[in-house]
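Listed below are the structures to be examined.
What follows is a pair of complexes built around subunit A, which joins subunit B in one and subunit C in the other.
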Partner chain A sequence: MKLENLIILFVAIPMGTGVIGVLLKQRVQIARVLGVLSFLATSALAVGLLVHLRSHPTGILVSQMGAWPAPFGISVVFDSLSGLLLAASSLVALGCYVHSFSTVEPTAEKRYFHALVQLLMFGVNLAFLTGDLFNLFVSFEIMLMASYCLLTFGGTRLQMTQAYKYVLLNLIGSTVFVIGAGLVYGMTGTLNFADLALFVAERQAQGRALPPGFAALSIALLLVFGLKGAIFPLWFWLPDTYYTCNVSIAGLFAGMLTKVGIYAIARTFPMIFAHGGSDAAKIVMPILAISAAFTMFLGVLGAVSHHNIRRILAVHVISQVGYMVFGLALMTQIALAGCLFYMIQHMVVKSCLFLCCGIIERHTGTDDLDRSGGLLRRDWYLALVFFIAAMSLVGLPPLSGFFGKLVIVREGWDTRWWLSIFGLLTGALTLLSMLKIWSYCFWSPQAAAIERTPENLPNRGSLRPAYAGATLLVLVALFLGFGAQPVYEIAFRAGRQLADPDEYIVAVLGPGALDEVAKYRATSAQLAAGRAAEVTP
Partner chain B sequence: MTIILSICVAVTFAVSIYLMTGRELKSIAMGVFLLGHAANLSIIAMSRTPVRHEPQLLKGAPILTEAFDAARPMSSIVDPLPQALILTAIVIGFAVMAFLLSLLVLTSRKAGTLNVEQLAAEAMQGA
Partner chain C sequence: MTISSPVLRNSMRLILPITLLYAMYAMLKGHHEPGGGFIGGMIFATAICTYRMSHGALAQLRLMPVHPRVLIFLGLGLALGTSVIPLLLGEPFLRSAVGEFHLPFSSHPFHYASAMAFDLGVMLVVVGVGVGMITQLSEELE
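On to the complex of A and B.
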């Protein structure tokens, strides 16, 4: 059995479980067991492959669908970048899914809830694995379709008055994406990432310019991905969206949806649209840098100003996305590795905080900070989990956020020191906003103010899955902090392969793909050496 | 042909943007659907003979067209890939259209209006 054939399971397992989930409409228990098994299988597979590939020379597994050769067929690529994200997203999905057993309403559960969660992850996994631009669009659509349904799940009045914004914005974004993909094909004649990277590398080796309009095209795609990733100034849809839906689903969205947009930028821009010192890079990189500063800083200011746990956490997602964009704006190997590490740690930690918020809501009956308090005495375990997750988000040294911020800020210090200063300031304000939740919810002695009627008194037994989900995620977050070394080894390899896509191109297109480019590079190196020799005497 | 197509694309875009500036969700939804059609048309306008890779099946395969010129095989065919892209995009568009229309029906039932300003006012009250 070839190892390459395993990677399609990341897509096939959630899809199959989702389809079965549609058939199991009334059998809630069976659907739950199947769903947990599906996420367990994908997490185990992702972690297993990552560990196995540490000794692999390139760490890239490629599977060509239907054995069509690369630029013609559909390639599915599992490299270090996809692998880390798949492992993190599967674990986060498992945690949120288990948590949802105690928050989702029984009537909602019988309306295809389980199938929709699986289909959401089907789209997310396909987005991480796919090797071409058009399938990226298709996977975005699958993911968004499931997210539209999950967002409007309860069908309450508030949800219905909010949902149309998210749906319409994403529809417009998808349309621009289709136009962008069509334009890329019209200009370059290919949609495969590796082939596109080869196209750019060929043009650069030959010293020829990229087709006219290529830079404009990359800006259009940046707009699309930025809209999904909620970077400045395209974030306005996010806070309202995460506020209205079920809290476990909000945790899942906070972990997945924005990160898929950032992943799309990380996958396409360093390799293709902004590779090397191309014209597009000269426009895109300052845009990304300015956007990163605003995203980080304004996001955290929004979080500090809110007085409602879920709103604080939702607006905070934006601020954290800023750090990832900061890493992307530098576009060096190390910064890209830092960006990747930050992405996975943020997925885990932010979802964990949303899950804690769900438990807090069950305890106090509200997510308004003024009306909650005294949770430290009532539930020390929840306080511990929340504290670890919150401090990971802030980035206190032994915890995971520190290692993400350390690499990005250190790497940015030489070239874009002002961004690093914004990053550090944002870190301080993050601490402030997290301490706000901590002191109001856990430390303040206001517990008596909450009316303890039998209805809002949480039933310990029904909350058990919620604790299990939050515990799983906090353990993963602790692992990312204390085991940062092995994770970073993989992340550095991913960063290197993004900044210099030769290994990726060869892995996807076959060993002979770079021969032409190598010839041009050799001649231009000879020419340069000749010129240098002329100059020296 | 390209000029006719590009005029069609421009008009469709203009109409869709005009519709999207409306205050009623129905008109905005129609604008979004038209935007999808404009996108598909623009992909058609960009498709031509294959630029980078020759289609695999052409190597040695019989081609059933009278205009086929064996001396210049690439000049008499059109690149099939953009058409596959459009087909996929149309199918996805159908699904999304169905979802959006049913969402609008539910929204008007719950909120009693499809006017954007009234919905926004309601959302402010709800929050």
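On to the complex of A and C.
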């Protein structure tokens, strides 16, 4: 069996499990086992492929659906960028899914919960794999449909109010997205990322301008992806949404949903919509830079001002997204690699924090900081997990967040020093907000004043899956910190391929794809050499 | 909701088989011409729902004695199955096997593709979703 054909399994496995899950509505135990197996399989496949591809010359695997050739059919591409994200997202999904066994209500579990989690991951994985703009839209829709259902499982008034806002906003976003995709097709005659990148590269090599309106299109798509990624000023939907749903689901969303938006920017903007020095880039880059500063700083200010664990964590997602946008705003190879590393580490760490928050809520019956305390003595293991995850988020040196921030901030220092300063300030305030949770929840000596009802009575047995999920994620976070070197090797390759998409284009469209561009490049190089020769005498 | 009209009841005896047949025709035609699993499924679901209007929920249940959920499962399973089988044969996902065979008493060769099974799956899903939604909504009305 050819390796290329296997990559579609990232999509097929969760979809198949989800389909079976529809039938297993009442058989909760079987559905759980199948779900865990599905996430284990995708994680193992992603990690295995990543390790295997380290010696591969380009590290890109392409499968053409139905064997239809590239710009016409659907291409599915597994490169270093998708690979790292798939590995991280599958592991995070596994952790959150296992955690949900102890937090999800039995009634919700019998209402297609297991199928919906699988279908959510089906959408997310498809988004990471797909090689064209329209299928990116489709995968967004699959993911959003599943997320709408998962958000409203309780059916409470508050959930419905928040979900209504969320659905409405995303509908607007999707409409703009599909209009944008249509305009891209009208303007360039293709939707395939590699073909679009080739279109841009060709125009650039010929010294011709991009079609009029291309910049406007970039902005429209930036709006859509920014809305999904919750960047400034499109973040307003996020804190309330994550506040109302089940905590394991909130962890999963915090890990996945914003990253998919950021991934879409990382995939399309450096290669196509803001490729080096085009008119569109001149407009998009300052927007991204300003947005990054506001997203980082205002997000963390919001987090410091809140007094509920879940709200602090949710608002924090926004602030952390800012770092990723910072990496994107620099759009150099190294910054993109840093952005990718930050994405995967944030997925893992933030989900882990949400899972810890779920356990804290079970211990104290609330997530209000004033009413909880003394957890350090009652549950040292939880404290340890939380501390490692929190310090990874802050970026304490041997832990994962440090390596993400280090690369981005250093890379930004020369060109956009003010952004780097914002980044460092944000880091300090992140420390403050994490210490706030730590000192109130774990360190404060007074035992929590809790109303002991049977529901919130901590029961070690029923919490065992929750501990397992959080432990898995904290181990991954530790690996990302102490094993940053191999991960960064893959990330740097991804950054290089994003900034200079030649390898990607050839991998998807075939070896002859760049011939035309190479000819133009050679001519313009000759011309430049000739001009230089004229000038020197 | 049921409409107790003898005109509708009696004409349904004609409308139902013709519509179902047309649904299958639209589904099969879709391989080369406008049509396909989605539109075929929509027509199919419309026929079932109209039958429900004229004859009532019980009669509809007798006509289609499966839960819509099962249809969705079968449809998605069939579609996924046809797409995964090429993987086992070393071909890319969704690759379709094509060929021709001769129907008895016909000189015209019949062109087939394994993508038809995929289309059938789509049709089952659409029927399941369509009938399921209408059933749910009309149960609330009743």
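Keep in mind that, in the parts below, the second predicted complex is superposed on the first by the 531 of 537 C-alpha atoms of A that agree within 3 Å, B and C clash if a C-alpha of one lies under 4 Å from a C-alpha of the other, contacts with A are read in each partner's own complex, and residues count from 1 in each chain.
Convention: contacts are C-beta pairs under 8 Å (C-beta built on N, C-alpha and C of every residue); 3 or more make two chains touch, one makes a residue touch a chain.
Treat the numbers as computed from the prediction; the structure is a model and nothing was measured.
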Room on subunit A for both subunit B and subunit C (clash or fit): fit
Partner chain(s) touched by A:K25 [first = subunit B, second = subunit C, both, neither]: second
Subunit B versus subunit C as contact partner of A:G16, first or second or both or neither: second
First, second, both or neither for A:Q162, with subunit B first and subunit C second: first
Touched partner set for A:K2, first subunit B, second subunit C, both or neither: second
Angle, in degrees and to the nearest 10, that opens at subunit A between the C-alpha centres of subunit B and subunit C: 40
First, second, both or neither for A:A67, with subunit B first and subunit C second: second
Of subunit C and subunit B, partner touching more subunit A residues: B
Distance of closest approach, subunit C and subunit B, by C-alpha atoms in Å: 8
Complex interface listing, subunit A residues touching subunit C: 1-2, 4-6, 8-9, 12, 15-16, 19-20, 22-23, 25, 63-67, 74, 76
Residues of subunit B touching subunit A in the complex: 20, 25, 28-29, 32, 35-36, 38-40, 42-43, 46-48, 50-53, 55-56, 81-82, 85, 88-89, 92, 95-96, 99-100, 103-104, 106-107, 110-111, 119, 122-123, 126-127
Residue ranges of subunit A touching subunit B (in the complex, touch as defined): 68-69, 71-72, 134, 137-138, 141, 145, 148-149, 152, 155-158, 160-164, 167-168, 171-172, 174-176, 178-179, 181-183, 185-186, 188-191, 195, 199, 240, 243
Subunit A-touching residues of subunit C, taken from the complex the two chains share: 69-70, 72-73, 76-77, 80, 83-84, 87-88, 90-96
